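Going in written order, the chains are labelled A, B, C and D, and every chain counts its residues from 1.
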Amino acid sequence: MSFLWGMLWGVAAVMVIAGGAIVGVWWERKVSARIQLRLGPQQIGPAGSLQMVADVPKLLFKEDIIPAAADEPFFRYAPLAVFAPIAMSVAVIPFATGWAPFDATAGALFFLAVPSISVLGILFSAWASHNTLSAIGGVRAAAQMVSYEVPRSLSVLSVLVLAGTLRPVAVMDAWEWWWIPATFVGFIVYLISSIAEMNRGPFDIPEAESELVAGYFADYAGIRWAVFMMGEYGGMIAASLFGAAMFLGGFRLLPGAWGVVAFIAVGAVLMTIIMWMKWTFPRLRQDQLMTFCWTILTPIAIVQLFAAGVIAAWL
Amino acid sequence: MNINELREHLCSEYPDLCPLFSVEFGDGSLTVAAERLYSAASDMRDLGFDRLGMVTAVDRGETFELVYRVTSREMRAGIFLKAEVPREDPHIKSLCDLWPAANWHEREVYDMFGIVFDGHPDLRRILLTDDWVGYPLRKDYEDERMIRRPDYI
Amino acid sequence: MTEELVVNIGPSHPSTHGVCRMVTTLDGEIVRHVEVVIGHLHRGIEKMAENRTYLQVVPLTDRLDYVGSMYANWAYCRAVERLAGIRVPERAEYLRVIVCELQRIASHMMSVGPAGADVGATTAFMYTFAQREQVVDLFEQLCGARLTYNYVRPGGVSMDVPEGWVDNVRAFCRSHPSAMAEVDRFLFGNVIARQRMKGIGVLAPEDAVAWGASGPVARGSGVSWDLRRDDSYSVYPRLDFDIPLGSNGDCYDRARVRLWEAIESCRIIEQALDQIEPGPVMAEAVPRLITPRPGEAYDHIEGARGSLGVYLVSDGTPRPYRMKVRSPAFCNLALVPMLAEGHTLSDLVVILGSLDPVFGEVDR
Amino acid sequence: MAVDENRLPVPETVSDEYAPGVKGFMQGARSLLTGLGITASASTRKPITVRYPQEKVTVSDRWRGALQLKGALGRDEIDLVSAPPHEYNAKIDGLYRNDRLSPCTGSCPANVDARGQAFLIADGRIPEAYELVRERNILPGVLGRICHHPCESACRRNRYDEPISIRLLHRFAYEEYRKVAAERIKPLPKTRDQRVAIIGSGPSGLAAAYDLMSLGYTVTMYEREAQPGGALSTGVPSYRLPRDVLYGEIADLVALGLDLRCETEVGKDVMLSSIMRENDAVLLAVGLQDSRILPLPGTHADGVVGALEFLWAANNLGDAGVKGRRLLVIGGGNVAVDVARCALRVGATEVRLSCLESDQEMPCHPWEIEEAVDEGVIAMCSMGPVEVLSEDNQVTGMRMKPCLSVFDETGRFSPTYGEDTQDIETDVVVFAIGQAARLDSLVSGTDLLVSGRGQLVVDGADGTTSVPGVFACGEVVTGPGSAINSVATGHEAATSIHRQLEGRSLTEGRIARPVPVYEKYAPVDMEYVEPDRRRAVVTLADPDERATDFRPVESGLTKEQAMAEAARCLRCESEVCVGCTFCARTCPDFAIKVERTDQPGARCLTTYELDLTKCCFCGLCAEQCPTGALQHTGQYELSFYHRDLMTFDKGEMLRSDQGSRATGLDGITSPVCPAPRTGPGERP
């Protein structure tokens, strides 16, 4: 029975993420277009809103190209290995009072740990493509994701210290408004390292289109490529919603059902900010990225954690 | 520096090169024998012609005329160095150790005319593929893929 | 020292600015050796020119530097005029200066923006492209084409300006500097872009001279050499303009020199528009079939990429006996192996972009 | 140099640095926020991209797109420039404003439709061609011999190779027309009862007479001499203009209804005042009768002659009293050359011609002096006369001095001379420096005003004199000039008379003939012109032989030559492709293939192929097109499902009006080539 429920939740999560990705891609295309003095999608639907809906069948029916030199099984399933952990992570986000799709006791740990598995999928795809540029992209991605795991976890930890629990639903129950200023620095660190974690600009070094073309998924086409993109947007949705919940109060901002609306809205704003940054900033170089992570972000996160610990002890 | 001042300057510094200097369409050119080209180029560099603008060649039938354009920032002037090499087995000394810029230019001339530059560090075809047959800018180059122009003008 | 990895970049690659192939030997992320393989766009224009009349070659020169067609037109026409002894009317000279400075803006926008795109700031690309779009629109109003203009002809220019065009150019010149100031803040002020571009691909001034570099590449290294001033041609002696120089010779300086040149070009255009007077735009009685007497002529102008020269040999027939294009991008591109060694793979594309090669001109 | 104070100053060096340490860190952080601000503000601006196709509406007329043909030989006939005399100017003006006036017609003072003539001759319709020319040039045969043909200098064919021999085509048309003249000439109907008298039967009078007769007036013409033709008869030597040509064409005019009264000198045989009473309008086309002689010392001596007197004697008597004598002509114009060449023919032993101008600036036409020198005339340029030397009242020589410059900076006649004089031995001195009118007996008994310098007072624009109803035209108005110029003034005067007699204002709504400026052509290197593109060559008689008698120097065109020559016409500005191949010749990609057939009566553009896969949209072909038939369409982004569709054949190129691939719309087929006309009476 619980297995069936799990299946159902899984399908629901995939649908939510796929739907979110469709909206997200459209929104990103509009946002980037406006930033770049363009119009973005125009032709299909009002303001091109059905463009992505039209793109999905196109991607489904495109030829599924597998390079002759590729390591076929790994090449085939690597996109799933990237996407599945990210989809799973959405399950622990608390949407309403006392309710998360998967109310795990160590949910925060789950959220931080499970998406990291996708680095394996990236390495698989990079290696299986049998392409030098992909390989470089994969190695860069692995190094980057593993590194940014540290400040990201540390910044989330500062909230968990204040709440005294790893269970997201419980964190939300314990949330107080003054946590926002108290963990604001941590929030910034969380946002930056989340961007790095999902390989988006200005930290999109693994897929840097100007040098590596598209990095680890350069050889992918059609639906497999779409799964990568869903993974990216899924990661963005998950990180935005989790950040909105943990650092900005999530559904606690407004009472009752309005809280859910406010939560989604704050998540959308965070997503827009992530897009805004991507379309504004140049990309860092590999060594600058690492330097930034270890010499700036990590110390700041540690200081934030220490401060949160002091506050928690003082209370 | 205009062309007459340039001629005087050149003649005062290198009297032996003076008779080889001629002017056409406002540009000075120094025509030397192929064996003397390197030393003449080296003299020109010492005279202040610090840039090598281009190296090219012209198919003159029995010979190939090599044309080097050297310019001077200081004098604000440029001249041609010219030398002729025979069509059969054309050789000339490379200027790569005077101006590194000569590297690609000489490769291009080799590519298009088949003139061999002795002492060039990396004399390969540059614009065409390595397995190309023939030297396209020679006037006798034939290729059935070339589009024939109509005979009227 | 890890095992070396040979990465083949190009010829179809987003950052090669055309079709350039770079066989790169990597030590980890560090570039140990680059071999630039060119010729993918070689169309044999010099050979084609030998089979065409002097007028028919003009559209071919459009295809040399397709980002700066006006320059190739002009350099070629100057060489033809020198050979055939054609005197160009003054209005045509002013129009040539105006369109070529507009072309310089358009061409530099095609380099400054991609300098941002090379470091990942695609938005800067779009901002400069917005400016380029305006210039290209002006060209479209002028001669009906947006890329291959075929506008400068032996003896003058193909047609006079349409009604209202001068006002459109003035309006553009008024708005362009402030747009450039914004791009400057957006791209060259940005800390990430500076970190990516500063100290990358440093070209020493003496190397720039020895390698025959010209244009913004040489000026970025502080080599003050601009044919518009130093071998002043056309009506440039009557115009007042500054030549921006860099001091470090890195990618940042090269890109920013272009940005400032684009601002100075506006000033040149405004002066030229003030000085231009009505008159013919084509020399009287230029024959349809130009048959110069035998001889050879060389003329060069300061193109957007450096000194662009055309060497023409005539044998007294209506077709050039030999045409050679001294392409600045070809000379500048030869610097890539020297500049890129020791930098990372990410910097390689930035270095290539900072040299602003256009492969139509490199490969000819 | 004005320096704009507000401009951004170029920095000393473009490589600016952040401050070190914390300050630099803050600068960096601020730069990130600035970047976010710039992108945020950009998102509120108007996008630079446009929606296609709704917003892309500004189609420039200079766009270079795919090509279309507006018309083609064999499919579209050209509009002949033909109109009733009084509407002709308006028609020319309209064509001129629309850039549809061909250079030949535009440059002709009388606006003769030479393009239409060539079209008709090439088509084999030669009498029609003659009649088309006669509309504006009453003496095509005469002008075909003597015209200085400004049309040929303006001919656009000069750009490519050699101009059309328009003058010789006139002559050819006349010779062909003679064979059918009797059946084609019918008296013009006299639809109006007003009468017009014309005094003088020179070219201007004849032109006016024809215009007025075709408008239905009754025209009477008075001529002093026994033979009509005015200066053409008395002045032009018969080796240039055989008299049968001149009298034949005037006879045609008489057959059309002209009442010509020769040997009737107005002022002696009949008084002008009585002519004015009998007629509703009078046109004075009397021309110039007196030669001017410079007021130099010694000109009273025997052997000093005026040019007109000399020519009259040489032409009419065949002897001017110079046989075996030396002769010096003063003057460098056409008349001077005529005098010199006539003198050779009437037996002068040595003929010299001296003029002020250098050999480059001589006012006569270059081909004339060339022919004269071939015949043995000695040209002495840049020489000014000082004094006629005489002995016993008999001319022995002429004292000359070098002329340094003829005109001053402003272009006015103001010669400057050198010092050293030179004596030239000669027996006869002929002054050919200009002519003047002789009006005294003519105007006696009328109110006509004559200026102090002996010239008729005329309003040059419409030919009115000081007496209403009396008009003037020709050289008496304009001064010495070419025959075709006189013809043009005749047409103007006829228009004035017509307006006056209709009771309309002479000036209101009247359009002055435009004087279009045509491009100057560079000399063409004939080495690269194929033989079949060259103009017809006519033979000139051997110089030594021809200089002895008055036989015509130049031979005419044969029928084959004439039709081939007419087929060379480019039909400028007609928007009809003639298959001249200059687009194909100028195409840098060799993408165009043009062929045509010249079968008379079925001239046709047989092939026009444009291979768009090769086309580089340079636009050179359309620029070269002399007729304007080849035009750009707005379509520069063409795409097809098959590459064969990229080759446009003739039908496709011509199908623009119904929509074709070139214009972006697929259309209907159109007739391509007409069947040869083989009806009765017409040549195949």
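Following the convention adopted for this analysis, contacts are C-beta pairs under 8 Å (C-beta built on N, C-alpha and C of every residue); 3 or more make two chains touch, one makes a residue touch a chain.
If you're wondering where the values come from, they're calculated on a predicted model, not measured in any experiment.
Novice: Could you name the chain whose Cα mean is nearest to the mean of all protein Cα atoms here?
Specialist: Closest to the centre of all protein C-alpha atoms: chain C.
Novice: Name whichever of B-D and A-C has more C-beta pairs touching across its two chains.
Specialist: Comparing A-C with B-D, the pair joined by more C-beta contacts is A-C.
Novice: Find the geometric centre of each of subunit A and subunit C from their Cα atoms only, then give the gap between the two centres in Å, rounded to an integer.
Specialist: The computed centroid separation for subunit A versus subunit C comes out at 43 Å.
Novice: Determine the centre-to-centre distance between subunit A and subunit B, using the mean Cα coordinates as centres, and give it in whole Å.
Specialist: 60
Novice: Could you tell me the distance, in whole angstrom, between the mean C-alpha positions of subunit B and subunit D?
Specialist: Roughly 53 Å separates the two chain centres.
Novice: For subunit B versus subunit C, what separation do you get between their C-alpha means, in angstrom?
Specialist: Taking the average C-alpha coordinate of subunit B and of subunit C, the gap between them is 24 Å.
Novice: Please list all residues of subunit C that touch 2 or more other chains.
Specialist: 52-53, 123, 127, 130, 190, 192, 289, 318
Novice: Two or more other chains touching the same residue: where does that happen in subunit D?
Specialist: 32, 35, 38-39, 42, 48, 528
Novice: Any chance you could list the residues of subunit A touching two or more other chains?
Specialist: Touching at least two other chains: 35-38, 279-281.
Novice: Could you list each pair of chains that touch one another?
Specialist: Between chains, contact exists in these pairs: A-C, A-D, B-C, B-D, C-D.
Novice: Give every residue of subunit C touching subunit A within the complex, in rising order.
Specialist: 5-9, 13-15, 26, 29, 116-124, 126-127, 130, 187, 190, 192-193, 195-196, 344-349
Novice: Which positions of subunit D touch subunit B when the two form their complex?
Specialist: Counting only subunit D, the residues touching subunit B are 528, 530, 581, 584-585, 590.
Novice: Which part of subunit A faces subunit C closely enough to touch in the complex?
Specialist: So the residues of subunit A in touch with subunit C come to 32, 35-38, 132-133, 136, 201-202, 204-205, 208-211, 213, 279-288.
Novice: Quick check: in the complex, which residue numbers of subunit D touch subunit C?
Specialist: Counting only subunit D, the residues touching subunit C are 1-4, 7-8, 10-11, 13-15, 18, 27-29, 31-32, 34-35, 38-39, 42, 48, 60, 62-64, 159-160, 520-525, 527-528, 586-588, 616-620, 623-624, 632.
Novice: With touch defined as at the start, can you tell me which subunit A residues reach subunit D in the complex?
Specialist: These residues of subunit A touch subunit D: 31, 33-39, 42, 276-277, 279-281.
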